[in-house]
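Once you've had a glance at the structure underneath, I'll fire off some questions.
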Amino acid sequence: MENILEIKDLTIQYRADNRIVEAVNQLNLTLGKGESLGLVGETGAGKTTTALGIMGLIPDPPGIVTGGEIIFEGEDLLKQNKKRMRSIRGKKISMIFQDPMTSLNPVMTVGSQIAESIRIHERCSKAEAATKATEMLELVGIPGERYGEYPHQFSGGMKQRVVIAIALSCNPELLLADEPTTALDVTIQAQVLDLIVKLKKEKQTSMILITHDLGIVAEVCDKVAIMYAGEIVEYGSLEQIYNHTCHPYTKGLFGSIPDLDSHVKRLSPIPGLMPDPADLPAGCSFCPRCTCACERCESENPQMIEVETGHFVKCFQIGKEEEHV
Amino acid sequence: MQKAHAETGKTVKTGFWRDAWHRLCKNKGAMLGLFLLLALILCALFAGVLAPYPYDLQDYSHTFEGPSALHLLGTDNFGRDILSRIIYGARISLLVGFSSIITAIIVGGLLGAISGFYGGRVDNALMRAMDILMSIPGMLMAISLAAAMGPGLANMVIAIAIADIPGYARVVRSSVLTIKDQEYIEAAQCIGASDSRIILRHIIPNCIAPIIVQATLGMAGAILSASSLSFLGLGIQPPTPEWGSMLSAARQYIMNYPHMCIFPGVAIMITIFALNMLGDGLRDALDPRLKN
Amino acid sequence: MSKYIGKRLLMMIPVLLGVMIIVFTINFLTPGDPARMILGDGATPEALAQVTEELGLNDPYLVQLGRYIGNVVFKLDLGESYMTGKPVFEEIASRFPTTVKLAIFSVSISVLVGVSAGIISATKQYSIFDRIATSFSLLGVSMPTFWAGLMAVLIFSVKLGWLPASGSYGPEYWVLPSFTLGLHSSATVMRMTRSSMLEVIRADYIRTARAKGQKEKWVIITHALKNAMIPVVTVIGMQFGGLLGGSLLIETVFAIPGLGKYIIDSISTRDYPVVQGGVLLLAISFSLVNLLVDILYAYLDPRIKSQYKAAKKKKGGAKNAESTC
Amino acid sequence: MSELLRVEGLKKYFKTPKGQLHAVDGVSFSIEKGKTLGVVGESGCGKSTLGRCIIHLLDTTDGKIFFEGKDITNIRKEDLKESRKDMQMIFQDPFSSINPRMTVKSIIMEPMVIHNMYGGDKAKQEEKVLEIMDTVGLARRLADSYPHELDGGRRQRIGIARALALEPKFIVCDEPVSALDVSIQAQILNLMQDLQEERGLTYIFITHDMSVVKHISDDICVMYLGTLVEKCPADKLFEKQFHPYTEALLSAIPVAKVGARRERILLKGEITSPINPEPGCRFAPRCLRAKPECFRKQPELKELEPEHFVACHLY
């Protein structure tokens, strides 16, 4: 399959008060055309930063992309000039943000916010853009009459639908959805997820879904990447990650969520806390919390190993097990 | 950073005020302001030692003299040394600024706290009254009060304080309201804390920071108002040295002896500048959330 | 919208009544015998008693207050000047336009300079322009108005001889006072605009606009500006109050025969009816300006407008589900 | 088994400019000693208000609350302070629920000081604080730290320690883990279960997270717009639901298993306003199976199967 996006050794730092925070650390990731990738991790793992990096929207200062490549349809996004990036943003790659409450401009009508995106990328008159924006509204399940209303007149779920309409208005090739349903109630979340999946299929868009919810990933994605402290620690197909979990962190994540179907009396959480991103451990960043860490893990950062076709794990212990077998 | 310390077990003593002080120390502008302010306070306290001449020593052989080695900032129409008068003037300005702000904060803060804590009708009545007071521009209010009460230090302090009260009432009310919404107030009710304990232990310590910032910036405003009143002849009366009234007297000589007009104004400016810098710095230091 | 304006107008009534009560009470408490002021020092006790009786000064406070408010509201009668014996209303009405003219000139300068400098400073944070503008504004807010006026006279009239120092006989006489007042208050407007702009630029919806591929210039103009102006408008309204107060000082410094100087002169001649009337007129103008500000506010912020619309159509309530948790 | 808390027809209305907001509208249930009652529902369903009414942070509009058989609905102020020793609360937001100007030690000690525990002996209280810190898994060296130095998980442990300081019998937990990351959430959930076992605590566990509520509760109440729509033992609820809202709610939960996707029931529209609600079932406007009757009369809670109560006209 053709790859639409290839990220190689991407490193993004935030610099403030003589402190360097490695938000994204030598990240590698590939996404095939039409695929949905779930990028899973906890707060501070660097998921959003990665997405903003792809969009070229890292706030500078304090953020700096210090190295790596982001190859999208054959061109390195990090080498493009501002004008070229603008023509890619919103047209070829677009993003749905986490908080629908704050991601819409409170003093502009929702219709004009959708139309704006159309006007930027497509040669059309104001009236044509408005017609298309109304269509987009209806597509995401909002009556077209509400074109002239303001964001505060919409509920959270409705606002997120508007954000989706903006993101999909120019039929992007790649959609970055950053926790699109975290701020919503379960039943509304189900509606919005259904909408995203439906539209993605219709428009054959590739997608990176950023979330901390392994349940959502299981329902929506084909590929999964688990992120910890700015790195991908495990990557593979949905089946590989969920049924042949390898990395101790991924195992810990699964052990932490209560299961609806079986009855477990106690959860088995990961001990300890996420390391301070300004002061990462020398070796494997998960080592201080890992139950099966050895001396080597403390001093040396493991490389990604392919344990089966398309299933990569960043852990020394996995290699060992293989050897023993 | 602190998390890391907690993690590694290094016990670094931190506290809200200590942290705020460290942040303030990093702010060059605020440090400059603090330094200037301390210098002014020293001037005011030790005016008798620092001033080269008594403030009311008249020397008719040396009137209207420009700056010289003998009189660093020159002399005025009575031959009095301007530098000495400015140094003594710091006393009045700081005194007026400080006492009117303290009065305004105590009265306004109390009204605002009552309004915010009890809410409902009390709040409504108090806030409407404040709206009315605020619909008269502060300077105009101070001028009419000063005009009604007549000149003098105490009257000036009262006039400025009254004009400032509604502003403080609003600031304190809004911070009390914000704090009242926090879950830790509910938590305190849950463990059976009395109203007075909640106010004293939980609300006041948390709204002191914005009040300090307001007070610093407000003191600058009060000193400006004081000098304006004196300039209009409604505040401190000659021969007491006050920067505003010095300017008022100097005005008629501006054509020929501009030095009389320049230096007292510079003194006012330095004071206000110092307080503004310190106030801005305090705001950043006391509210780390604002600074990203 | 008209309902909103109507409500604001109604709300002004108690405020204006309150202002009248305050102004009257301050005057009531002022020591000094009005009868003696009118008749002069040589007056006989009988004459004094007669005038006191005629003016109703023996009546209780509330009676006098009621009479005062009745006279002001129904007859526009503010009493007579002790000095000239003419109705105060005529005296102040003839001088008021001068003060209004000065205030309008200065507010225009203040808004023009303050808002544009604030916007440029915020969009180019830490640039040379920003540093210079912030330093100037800091000096500006630290300067007393009257001293700034004196320095302007010293430089432009005494030293350079470009502009007249005092009086009001032609357009050139307006330059120094308007610029002194205007530039002085522009310092505050600039600081507010800058900080409000900086806050808005960091908002999520600005990121959304950038993610659409919008040009930075348009992001600022169409998205940031209107939102940033909401708090600035309030500050401009407050500044207008400051300018009315400042006009007392500036008119005195530049010897402009406006209402401000008239009030100050009347204070020194103890012509209290004039002071009372003048202060009342200035306070009323300030209230009217605040009314304008509120209307402008509703225009800028659709959330305020729709509060009034929602009450009209019942549907609005159901749409915006209230959260109670 | 003995009953610890019983709530009968609890109502809480708020006055708003637009009308009466029916936050909680006639909720009844009881909890047995040492058990956990889970209360689930989406935002705006009144679950937090319910918790705050029980703990007397809010006055109740109507209805009765019995604690250990005593009616505590309109308890006198002096008695309320005493009853605080038995009933405590753990809050949702680990950041706003503890006073930023107090040290960890003084936060945990405050309830002991207020209630003059251990005869007001300071040393004894301090010792007790350290003991509680051990219990909730806070290192003793953190006693003099300020909250802002600590992460969300540790702050939530402080909140739990404060609630434990009075050695209560009953704790209302208002979304205690929803602000935390999954790995930390699991740590806190385990801690709460351990405490329950050791101390025989009784919990009301308020949350919007179905998997958490299933994990921790013995019984579950499902709320919708201020009303209780379904109540039954936790395991049973996930096997069989009667109320259409519960069905939809459960089907909407994404399951972290490959191919586990269930038939999803998508509700139409969004939650309606709790202000001056129309008569009839609150869920009727969104219900896929609503009958004309549903819009006329509010359904009563009926016991359809042993221990399984449902408020719906369909049954």
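A, B, C and D are the chain letters, set down in written order, and residue numbers restart from 1 in every chain.
The rule is simple: a contact is a pair of C-beta atoms (placed from the backbone, for glycine too) under 8 Å apart; a residue touches a chain by one contact, two chains touch by 3 or more.
Note that the structure is a prediction, hence the values are computed from the model and not measured.
S.K.: So which chains count as neighbours of both chain A and chain B?
M.R.: Common neighbours, chain A/chain B: C, D.
S.K.: Moving only between chains that touch, what is the shortest number of steps from chain A to chain C?
M.R.: Step count on the best path from chain A to chain C: 1.
S.K.: Determine which of the two chain pairs, B-D or B-C, is joined by the larger number of C-beta pairs in contact.
M.R.: B-C
S.K.: Centroid of chain C to centroid of chain D, CA atoms only: how many Å?
M.R.: Each chain reduced to its C-alpha mean, chain C and chain D end up 52 Å apart.
S.K.: Determine the centre-to-centre distance between chain B and chain D, using the mean Cα coordinates as centres, and give it in whole Å.
M.R.: The answer is 48 Å.
S.K.: Approximately how many whole Å separate the CA-defined centres of chain B and chain C?
M.R.: That pair's centroid distance is 23 Å.
S.K.: Measuring centre to centre with CA averages, how many angstrom lie between chain A and chain D?
M.R.: 32
S.K.: What are the residue numbers in chain A that touch two or more other chains?
M.R.: Each of 155, 273 in chain A touches at least two other chains.
S.K.: Where does chain C touch two or more other chains at once, residue-wise?
M.R.: 202, 320-321, in rising order.
S.K.: Which residues does chain B have that touch at least 2 chains other than itself?
M.R.: If we look for residues of chain B contacting two or more partner chains, we find 3.
S.K.: Could you pull out which chain D residues touch chain B in their complex?
M.R.: Listed in rising order, the residues of chain D that touch chain B are 52, 55, 57, 80-81, 84-85, 88-89, 91-93, 96-102, 110-111, 114-115, 141-142, 144-146, 148-151, 159, 162-163, 165-166.
S.K.: Residues of chain C touching chain B in their complex?
M.R.: 14-15, 18-19, 22-23, 26-27, 29-31, 138-139, 141-147, 150-151, 153-154, 158, 202, 241-242, 244-246, 248-249, 252-253, 263-264, 267-268, 275, 279, 282-283, 286-287, 290
S.K.: Taking the touch rule as given, give the residues of chain A at its contact with chain C in the complex, in rising order.
M.R.: Checking each residue of chain A against chain C gives 55, 57, 59, 86-91, 94-95, 97, 99, 102-108, 113, 116-117, 120-121, 150, 152-155, 163, 166-167.
S.K.: Note which residues of chain B are touching chain C in the complex, please.
M.R.: It is residues 128-129, 131-133, 135-140, 143-145, 147-150, 220, 224, 227-228, 231-234, 244, 247, 251, 254-255, 258, 261-262, 265, 268-270, 272-273, 276-277, 292 of chain B that touch chain C.
S.K.: Could you list, by residue number, the parts of chain B that touch chain D in their complex?
M.R.: 2-3, 5-6, 9, 11, 13-16, 182-184, 186-194, 197, 201-202, 205-206
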